[in-house]
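Which chain is which? They are A, B and C, in the order written, and residues in each are numbered from 1.
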Amino acid sequence: MAAETRGPRRNPEEAFNAVGDHIGGDREQLLSFGTDEDLASVVQPGSDLVILAQVQSLFRWAQLSSIWPMTFGLACCAIEMMSAAGTRYDLDRFGAGAMRATPRQSDLMIVSGTVTAKMATRVKRLYDQMPDPKWVIAMGSCAIGGGPYFKHGYHVVKGVDMMIPVDVYVPGCPPRPEVLLEGLMRLQDKIRGKKGRLVRPKWIDDYITRIPD
Amino acid sequence: MILPKLQHAPASRPGDRARTMKSELLHINMGPQHPSTHGVLRLFITTDGEVVHSVTPYIGYLHRCAEKKAEGNTYHQYIVYTDRMDYLSAMNSNWGYCMAVEKLMEINGMGVEIPEYAEYVRVIIAELNRIASHLIAFGTYGLDIGAMTPFFHALREREAILNIFEKVCGARLMYSYYVVGGVKWDIPPDALEEIELFVKLFPDKLREYNELLTTNKIFVERTANVGVIDEDLAVAYGCTGPVLRGAGVKWDLRKDQGYSIYDRFDFEIPVGGGDMGTVGDCWDRYWVRMLEMEQSLAIVEQALQQMPREGEIMAEMPRRLKIPNSEVFFRSECPKGELGFYILSDGGDVPFRCKVRSPAFHNLHVIEEVGAGQMISDLVATVGSLDLVLGEIDR
Amino acid sequence: MTPAEVEAGLREVFGDRILSSSAVEEGRDTAWPRRIDVAVDALEEVCRYLRDSQGFDRLLCVSGIDYEGYDESGKGKHIEISRYEEDGSPTPTKPGSGDLAVVYHLHSRAHGGEVAIAARVRRTEPKVPSVGQVWPTALWAERETYDMYGIEFEGHPDLRRILLPEDWEGFPLRKDYAMPSRYHDVPLEGAPLAVRTSPREVREEKE
């Protein structure tokens, strides 16, 4: 906005009312603004820049746009996680590029790889050390349910969700970086409070009908 | 490759004063979740101030029962598990296993002749994978030492190789491309073009890497004269691959055992010569890897020229392999060292026993010996220079 | 140096403590590596002799073998690895009776020969002398064999489990190993914890 219209500072209450006048809605409506899709909206009533949102949604919005994952590579999937953070896929575009080397500074744990009996207690401890709010992505079929080591895998925990709660499952062995990005976006949806979306691709239906009984 | 002249690292190092001081012993746990341990490796360190008194590696955090799996899967099915051992050079592990089974068949008079075209395809793909693996070693070693940039450069070129692999077999990391008797698919023409382009462009990139890291003063200071593994130590501890060659031993199975068609190519075996410090220090191991990338590139280039335009990609193979009582121990040269498969068959369709000799397992063992007496930061440099892959150590 | 020469040398020094050699039986006496079975008590001496007099300076690999269920006749069968019952408990297995064996693969840089030295022990008394003094690399390899097969290496300075946790029960690569479904408080099999659906619900759970 043009700089010359900048007036004296107003208190928030006043600003709020002014905004109400400006967009012609009532206060209640404004408060309920941004619960689902739009967490926050920026309006510029004449002078000051005002962000209107519920505090909770605003926080969520902040959380989802700067997820700090923990540098936590367990097995082969970690290499794909590295690729996702690397030059070509660039996790940073989604605000999740600040890989932290300590659980105390991170809010997302990407369990990338096979969790073994020896490692499971460590995974749990690392999870407990992360400050709230925290999220978990189970990356790869090993973390989801034992993957290729399901049978005869005497030392493999068949799914990290038996140890810690998981928010998003990213399937594949290993999942391509694109799939991890998709998983990250679904996690962002979840943080936003959006309902989960299950879209079955059309080809699956086609495929199912073609399977002989 | 010609290196710009650079002064040798000074004989006295910054840690020397700290080494002479004595204080109480401290126990430190490094890992299993530590950024510089390359996976889930745990090092239990006793230190005297800043100086490491003893190092005990604890491994097994990624023990995935690969050898038990072999006893429950047929010879063909087990190929996918060899992918998951050394996941940075899956093609090479695939190949090693396939060659072991082929040798086992040959011993029993069931020998298959691998078509010549398929042999060339195998060599080209395996050498590209070697480059990709060394690129990761180069990039993460930079990270360990504190240089972030090389990692991104290395990943960029690695993606180019992965692109090729994706065209060839559809996967980025777990290929299962080699099968007993040949390879699974032909190289599509556009992938071939891409390989040619890569061969043309990569030398420039190598030069770039060298400018970035190899002769960087800080890098040399941190790696030269550090973690010296000399010939005797390397042989006694069963080190192989760049660790052995870095110690000045000219030993490479591709030349010395001459498997597949490596005798048709003209390439060198780079060995560490102590250019920046002592023979067998971290810098030498790093440098051997850089030179090996160049040699691999030369092999790919020659293979592309010699390769027949088209041909069979797979020999006639029985669908169900049943191998009579016999055993084989076959080693092949992987990026990390000698990967060996010891297979004991008893006539069934599964191996009775399949033992994997993993190079990184033995390469890691030597850290107990080398680590003692170093500064902690040098220990990080040494561990990084061994290029460990925990999937292969723990299996 | 050919495999036949290596074996001839061994037989000269150790006599009937060299039990058998695989390559001769099958008429492949030029094929490396050749497997030579030796008596257990002679193992360390044989290794020392091979290193010092025959130039085998590298130990490549130490592998254990469990001969339970091995079909000598060569017909072979699909060996059932023990599994789980319907209710998730491991299938009980009866203890095996086959021999255990350790195989050492050696290599010489001087003459390029490879040889495999094997020692077979009774399952009830799995004790083998350690060759860690001959090749240091054996120390870890033997720990791994102990971990997987329970073969004890006498004279090993530090015989602990290496891959599995130290209090793990059983030796997994033995053919009669029963699959565990739990390790202390770590479930190896089972149902997931309650699945989270949205952050709000999680918060409610916690209160």
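We adopt the following convention: contacts are C-beta pairs under 8 Å (C-beta built on N, C-alpha and C of every residue); 3 or more make two chains touch, one makes a residue touch a chain.
All values derive from a computational prediction rather than experimental measurement.
If the chains shown are joined wherever they touch, the resulting network links each chain directly to all the rest.
Relative to chain B, the most remote chain by averaged C-alpha coordinates is A. Chain B has its Cα centroid nearest to the centroid of all protein Cα atoms in the structure. By count of C-beta pairs in contact, A-B exceeds the other of the chain pairs A-C and A-B.
The distance from the centre of chain B to the centre of chain C, each centre being the mean of the chain's C-alpha atoms, comes to 24 Å.
Here the CA centre of chain A is 45 Å from the CA centre of chain C. Spacing of chain A relative to chain B, judged by their CA centroids, is 35 angstrom. Counting only residues that touch two or more partner chains, chain A has 118, 151-152, 154-156.
Each of the following residues of chain B touches two or more other chains: 60, 63, 65, 68, 71-72.
Taken residue by residue, chain C touches two or more other chains at 81, 163-165, 172, whereas all remaining positions touch fewer.
Note for the complex: chain C touches chain A at residues 81, 83, 163-165, 168, 172, 177, 179-180, 183, 185-200, 202. Taken together, the chain A residues at the contact with chain B in this complex read 71-76, 78-80, 82-83, 86-88, 101, 113-114, 116, 118-119, 122, 126, 148-149, 151-156, 173-174, 176.
Contact residues of chain C toward chain B in the complex are 22, 26, 28, 31, 33, 35, 57-61, 63-66, 70-79, 81, 103, 105, 109, 112, 114, 116, 135-137, 139-141, 144, 148, 161-165, 172-173, 175. Residues 32-35, 39-40, 60-65, 68-69, 71-72, 80-81, 84, 87-88, 136, 151-152, 155-156, 159, 162, 172-174, 390-391 of chain B are the ones touching chain A in the complex. Of all the residues in chain A, the ones that touch chain C in their complex are 60, 117-118, 120-121, 133, 151-152, 154-159, 161-167, 190-191, 193, 195-196.
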